[in-house]
Structure formats: structure tokens, C-alpha cells
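Chain IDs A, B and C follow the sequence of writing; residue 1 opens each chain.
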Amino acid sequence: MINKNSHLKRLLVKATLIKNTLLVVKGNSYIFSGLCLLVCIILFAVVGMHIIPFDPVKIGSVPMDLPPSSKHLLGTDSLGRDLFAQLCFGTLTSLQIGFLAGIIGFLIALMVAFFGGYHGGKLDGILTTLTEVFLTTPTLIILIVIAAVVERIEIPTMALIISAFAWAWPAKTMRAQVLSLKERGFIYLSRLSGLNSLEIILKHMIPNILPFLGSYFAVVVSAAMISEVGLEVLGLGPRHTITLGMMLHWAMMHAAVTRNLIWWWLPPCIMLFLIFFSLFLFQRGLDVIANPRLKGE
Amino acid sequence: MGLPYVIRRSIVYFLSLFGGLLINFLAPRLVPGNPLQARLMELQRMGVRAGGQEFVEKYMRIFGLEQPLHIQFINYLSSVLQGNLGVSITRFPTEVREVIALHFPWTLGLLYFSYFACFFIGVLLGALVGWKSSKMRNAVFMLFIVLSQMQYYTVAMSLLYLFAFLFPIFPTGSAYSLGITFESIFHQIADIAWHAALPALSIILTGVGGWTLAARGLMVSIKGEDYLMLAKAKGLSERRRFLYYGLKNTLLPQVTDLAITMGFVATGSILVEVIFRYPGMGYVLYRAITALDYPLIQGIALMYVFGVTTAGFIVDLMYPLIDPRVRHE
Amino acid sequence: MSLEEPGLLKVEDLRVYYKTRSNPVRAVDGVSFSVKRGEILGIVGESGCGKSTLANAVLRLIESPAYINGGQVFFKDLNLLNIDEEKLNKIRWKEISLIPQSAMNALNPVMKIYHQIKEVITDKKIKFSDKEIKEKSEEIMKRLMLPSYILNAYPCQLSGGMRQRALLLLAFILNPSLVIADEPTSAVDVVTQRKILEFLDMQRKDFGTSIILITHDIAIVAEVADRIMVMYAGKILEMGDVTKIFENPLHPYTKTLMESIPILGVKREVIGLSGLPPDLRNPPAGCRFNPRCRYSRSTDICKLKEPELRYVDNNHLIACHMYS
């Protein structure tokens, strides 16, 4: 009897939590619009991919340098590929890499921040110094060196390389959060009541800083995408597929700007802007929840 | 401040440099096979004159690729510390350091000018918007936020398109006009400035957003502080309150961010240089990547790491000197 | 109420409200009083009774979401609420200065104490040389027992007590006619408290400075004030000569306040006050103290009509139906 009751109770708590989260998302216009925008982008890309019959990657599949027309909505590039197909496919690929790198980086940051910040001592000292080192070194430069030697860059490789540096900033900020949380009364109590560290971290600390975590995650994904596009524009991206950054790279290689091929370089820029903007809105909204003082701004 | 702080920052600084050197060293070695040999063969097939077998042999000797890894690393370290960064493949037999010396001033001028312009414009704008909002100020504020979300490449390409192509006010690239004799040094300087205008503008327009957002947030929280209220009670003019109580307290804490964000702006400047073919280290790096000129890639990368971390280190050491709160912790 | 001699400061029916989503909070709701030259007026009351809001309102430091909803503040025949900002800035600090409630953050963290002093002097276009400024500061610092090195220090280098006294130094350096001290002794230890009170007394004696001393601690009012004003829920309940009111408090609230002070050597029950102050968005219709008043009965004029502040004696005002 008792087990059934507590089981029901837990379900109820979970349901209320979900409901509350949805309410928060709805109520906060920043989060809502950010998410909406991102979803729209993804939908646009997915739908576009299915509608357009052209291959975004195969060179020479269509005539080169055609201006926009009803057949090729954004025209074609100097390598004989349809630009609209590239845009849609590239958006999805770029997002894939960005989110993959972001998730890996975020998880690394979580572990560094919590195990270092919580346990303190020598481990914390080493981890903090490590974080500082990764934070002060200009990451893209190092990424360039690494990417330049990798023979064939594919999506997982790229995500891994980027995540190797994307974790530093969130690790530092999350550690500060952990340190201040540690001092809070209820954490002290849970330590006294005998819970082990992992349980305390998972059950008590993390749920209390969810808005912060969400905000940091958005920042990590943003930073990862900036690194990604940076590498790609310089030519260090996956060459056997297409991403938004690579589109810009090919555009630059063929002097698209000065050849007045505005349909080549402008759409990827706009798409990237929309992605970054949506992440920015999302992160801003979470900041406001975490820090209600910001509401006045 | 005090000794522990200096020691901390020094450790981080030297570890960063060491890390950079380590990656530089390990990267080509972790790839199976001899990348130099492979690339060289590729280049020779494409008809690029790159020095042939003698070059590879010289390199094998310099790197001592037969020797154990740690010995190789020590050799590498000692040669770097002596200022020897190797020889460029594409510009053989020019040494890497000569190439860098040629192009480094352009990057330095562009980067430092634009970076500090970003900081001051950004913080001032943010402080003004945070102090008193008005339709005009908010609009400008939002504009810069949007521009910063557009990233360096969008802004650079758009500026290139609008003001060098559509309305050819500015040149489409390079740092100075070739083949023209100038009447005086002033004309020469003006020519350089004219060429640097769009690249600098690209960096500034993109970079201001970040600073201005942070500055505004800081100013808004400062406005609620007791000392600002007392400043009003003292009957001080608004201008004085804004400058000495508001702006000064907003400016100082952000100086530390200068060190952190320098890395971002440096990488952004690489993209800008590439788009405008501005002959700084970034553009050379780009060309080196395309040609897979490893020594040059690594040499330039090392320069950037060194430049950014050193500048940051200096800022970190100098900051306690200007902010009394940190100094007397 | 205007039977008194022309004073230095005259506040008439001042109302300061705070905007909320519902009704505004009536933090100061029709307060009238005056301060004579060379007198120390102690304003006492619980937290939230409106004393600090009142202090800020005198110097027109009220900012959103608070706003002044009516009343006048006369200082030497000038209505401070009406004159333009430029004129007001000339009066601020030179004629009237303020010692704010928490000293921790009231000093500009990036300016040395000396520069903050020089700043107010230069701002009022007073031409003192650096030497003169130092001398004048050190005079006051001696009375406050502040060491001379604080002039060259930043606020973060000073202890809490020192910062509080530095604020006092700043407030008195221009020798204003009126100083509003908002809880000048709350954040400091007993010894510093003594020093500060002695200093205030000295200033009044030697320079004829009027002081409004705002506090929730009636003990210090008993020490230095000439008159006392008891505030509650945005209104004045009792006001008059300090000795008289201490010996014979008339208003039920004042009575409770006096009875709550433990007296050395006397064993008696220390009675407190049950309940909480009213919600100032919807203050009770009649007397605001009524819900907690021990003399309250169920069918009372106290519940229906607000008592006016009336003279019950020369120099003794009270707002209570029991005395009208």
C-alpha cells in the first residue's frame, strides 16, 4: 500500500514539474520566441530538403552560376550545386555539429564543475587551473592546428575537436554556482543526513540551478557553432558534406561577394544569424528566470 | 593582490604557452605516416615548387624524427625559444619567422585599434543606455546587439558588398594600393587608413554588442547602489554622477574581460582579414592552410597564442593596480 | 500646528507612496512636523513605518517606484519639492545633508575618502586649499576618533564602523544647518555608538546644527534628542519634548515602546507588541494602530475614524481618540 502511494506521489510531482516548466516557457517571451525560432528553422530546413529534388553535395549536378529562378530558388554555385538544397541541408548539418559539440562540451563542463567544486581540495585546484588555461588560450587557433593535420574531417571528428575547448567557460561559471550552492542550508542538511555526493549533486543541486544550466547550455552551443563556422570558413570543415560554414568557404574561394553572387553568401549568413539569435533569446530568457532582477531591463 | 595571485596567473600563462607548444608539436606526429612527405608529394604532383627531397631531409634532421618523442620535443622547445620556427614550405627557403615579421604589423595595427575601439565604444554606449534609456539609445543598443549576433563574417561580407562593390567608396582588399607613388607620408598614411577602414569597421561593429550588453547590465545594478543615491544627495550634477560614480564603477570590472575576450576577437580578425585579403597574419594563415604549409600554420598559430595570452597576462597583472577593491582584498 | 516659531524645516502633510500592481503602498501618509534651529529631533518607529522614506523625501531623493503624492517641505521658506533641480543641488549637502542607513555601500568604492570630501567642497564652489580641507577634516576626525590615514584610503580598506564615521565626516564637512541621520548607529558596536552620539551632541552645541535622528532604538533618542516623534504605519502618533514623553507616554503605542526597555535594577515583565503593522496598500479605515492597541474595544470610534494629530499640551501632540 505504502509503495503504491509513494509511486503515485512521485508521478504527481513529475507531472506538476512538467506543467510548471511549460507554464514558465509560455510565460517567458524570450524563451518561447527563441525556441519557436529554432524550431521554425529546423522545420524549414527539413521541409526544404524534402521538397527540393537537387543534391546539395554532388559537384556538377546542375549548371553553374545560375541566378535564382523558379527552378533553383537560390540559384546555383560555381561548383554546380543547387544553393537552396545546400542551405537546407547545411542548416541541419551545422546544427548537428553544433549541438553535438555543445552537448559533449557541456557534459565535460558539468563533471569538471561539480566534482571539482563539490569536493574541493587538490582536485579542484588542478581542475580550476586547467579550466583557466583552456579559457585563456585562443581556442580557434589551436583548433586550426589540430584540424589542419586531420586527413578527413567528418561530423563526429569535428564535434569532438570543438567540444575539447567549448567546455572551459561553462565549467568556470558552473563551478562558481556549485560553490555558492554548497554553502546553502539545505545542502548542508543533505550532507548531514548521509546522502552520498552523487545523490546530493543529482537530486538537490542540479534541480535548483536548472535555469542557469539551461542558459549555460545555450551559450555553449552558441560558442561551439561559432568555432565550427570559424573553422569551416577557413576551409577546415567536413568536405564531403555541406554545412553553412562550408557554403561561406566555397563562396569566398570563388569571390562570390565581388562577383555580385549575393544569393550565395547572404542566405547562409542570414540563416546563421537566425540560429545565433534564437539561441541568444533562449539564453536571455533563462537568465531572466535565474536572475529576476534583470526583468527591469 | 599579492603574491599568490601573481603566481596563479603566471602558472596559467606558462601552461597556456606550453599547451600551445605541445599541441603544435604533437598534432602532426599523431597522424600516421609522415605528413610532410605526403604533402610534399601532393604538392609536387600539382607542380608546386617546394624544395624537393633536400627539404624533407633537412626537416628530418631538425626534428630528428628518428629520436624518441620527448627528445624531439625538447629539441623543438629549444629551437622555438631561440626564435627558430622552421622554414615555410610554400615560400621555401624563407623562414617562418621572416614571413611572420612581414605580416605581423598589419594584424597588430588592425586588431589592437579595433579591439580597444570596441571596448570603449561598447562600454560607453552600454553605460549610457543603462543610466538613462531613451528611444534613441535603446535603438542603437539593439542595433549593436543584432550586429554582434551576425558574427564577423556576415558583417565583413556585407560591408565589403555594400561599400566596396555596390558603392565603391572603399577598396575591396589589401592594406595599401600597389604601384602608386605617394606625394607625401600623409597621403601614404591616408591610403593605409582607407584600406583599413572596412576591416576595422567590421571588427568594431561586431564586437561592440557584447561589451555594450555587459556594460548595461552592470550600470543598471550600479544605479541601485547606495553610493549613487548618496551622490544625488550630495547635490552633484548628473554628468559628474554618471562619469565618476556610474561609468567608473562600470568600466573597471570589465577590464578583466579584456583578457578573456581577446581570443575571440583575434579569431574574428582572422576571418575579417581573409574576407578583405588584408595581409595580416590571419590571411597568411588562411593561405597556409589551403596549401597545407604546416610549419607556417604552426608558427602563426604559436604567434597568436603567444600574443593573446601575453596580452591577457599583462592585463591580469595590471588590473589590481587600477581597481582599489581588488588591490586591497 | 503652526503655533510654533518659524523653524528651519517645516514638513506639511507629506505623502509618499510606492506604486504596485494593485493599490499603492502609502508609506508616508500625511506627515507634518517641523525642526527648529539647533535642535535634535528623534524619529522612532518600527521597520517599515516610513522613517527612511521620509528622510529621502526631504532631499527629494525619491525614485520610482516611489513617488511624492502631495505635501510641502519648507526649508528656510523655500519649498524643496517645487524648486528646480539646479537650485536644489545647491542646497543639497551644503544646507541639508544625509547620513544614509547602511554605511557599507554609501561611499564610492573607487574614490579615496579625501577625494570624496574634496569633491563636495569643490562642487559647491567653495575655494579651499588642500591644506585647509585637510585641516577641517582632521578637526572633525578628531571628534569622531578617526585616524588620519583614512583620508588616503579607499572605502574597502576601512572597517564598518570607520565607514560609518567617514560618512559622518562627509555629512558635516560643509557645516550644514540640518543633518538627517538615518540609523547612524545601527550597524556599529556600542563603543562606536557612544562616539557617534557624543559627536552629534557636540555638533549641535558648538555649531547649532539641527539634526533629525532616525532610529528604531529609543534608548539613543533618550540620550541626545530634544524632541521625539513616534511614527507608525506612515503616520505620526505622538510628538513632543523627549523627557516629557519618556516620563509620561500617552499614546498606547508609545507606552508599549517605553515599557519594552529593560531597566537596570528593576525587575519587571517586559511586554512586547503582538501582531504586525498593517498592509499599507489597504490601511485600516480608522486608527492604524487600532488592531494592536490594548485599549481597543469592539464598537469603537478608533475603528471608524482616523484620529488627528492634536495638541494635548504645550509642545506635546498626539493622535489618539482617547485624548481628544
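Criterion: contacts are C-beta pairs under 8 Å (C-beta built on N, C-alpha and C of every residue); 3 or more make two chains touch, one makes a residue touch a chain.
Given the structure is predicted, the values throughout are model-derived calculations rather than measurements.
Taken as a graph of touching chains, this assembly forms an open line, each chain in contact only with its neighbours along the path. Summed over C-beta pairs in contact, the chain pair with the top total is A-B.
One finds 55 Å separating the Cα centroids of chain A and chain C.
Centroids built from CA atoms put chain B at 24 Å from chain A. Those residues of chain B whose C-beta lies close enough to touch chain A in the complex are 8, 11-13, 15-16, 19-20, 23-24, 27-28, 30-31, 35, 146, 149-151, 153-154, 157-158, 160-161, 164-165, 172, 216-217, 220-221, 259-260, 262-264, 266-267, 270-271, 274-275, 285-286, 289-290, 292, 294, 297-298, 301, 304-305, 308-309, 312. By the touch criterion stated above, chain C contacts chain B in their complex at residues 56, 59, 61, 63, 88-94, 97-98, 100, 102, 104-111, 119-120, 123-124, 154, 156-157.
Considering their complex, residues 129, 132-133, 135-142, 144-146, 148-151, 226, 229-230, 233-236, 248, 252, 257-258, 260, 262, 265-266, 269-270, 272-273, 276-277, 280, 293-294, 296-297 of chain A touch chain B. The part of chain B that touches chain C in the complex is made up of residues 225-227, 229-237, 240, 244-245, 248-249, 252, 323-325, 328-329.
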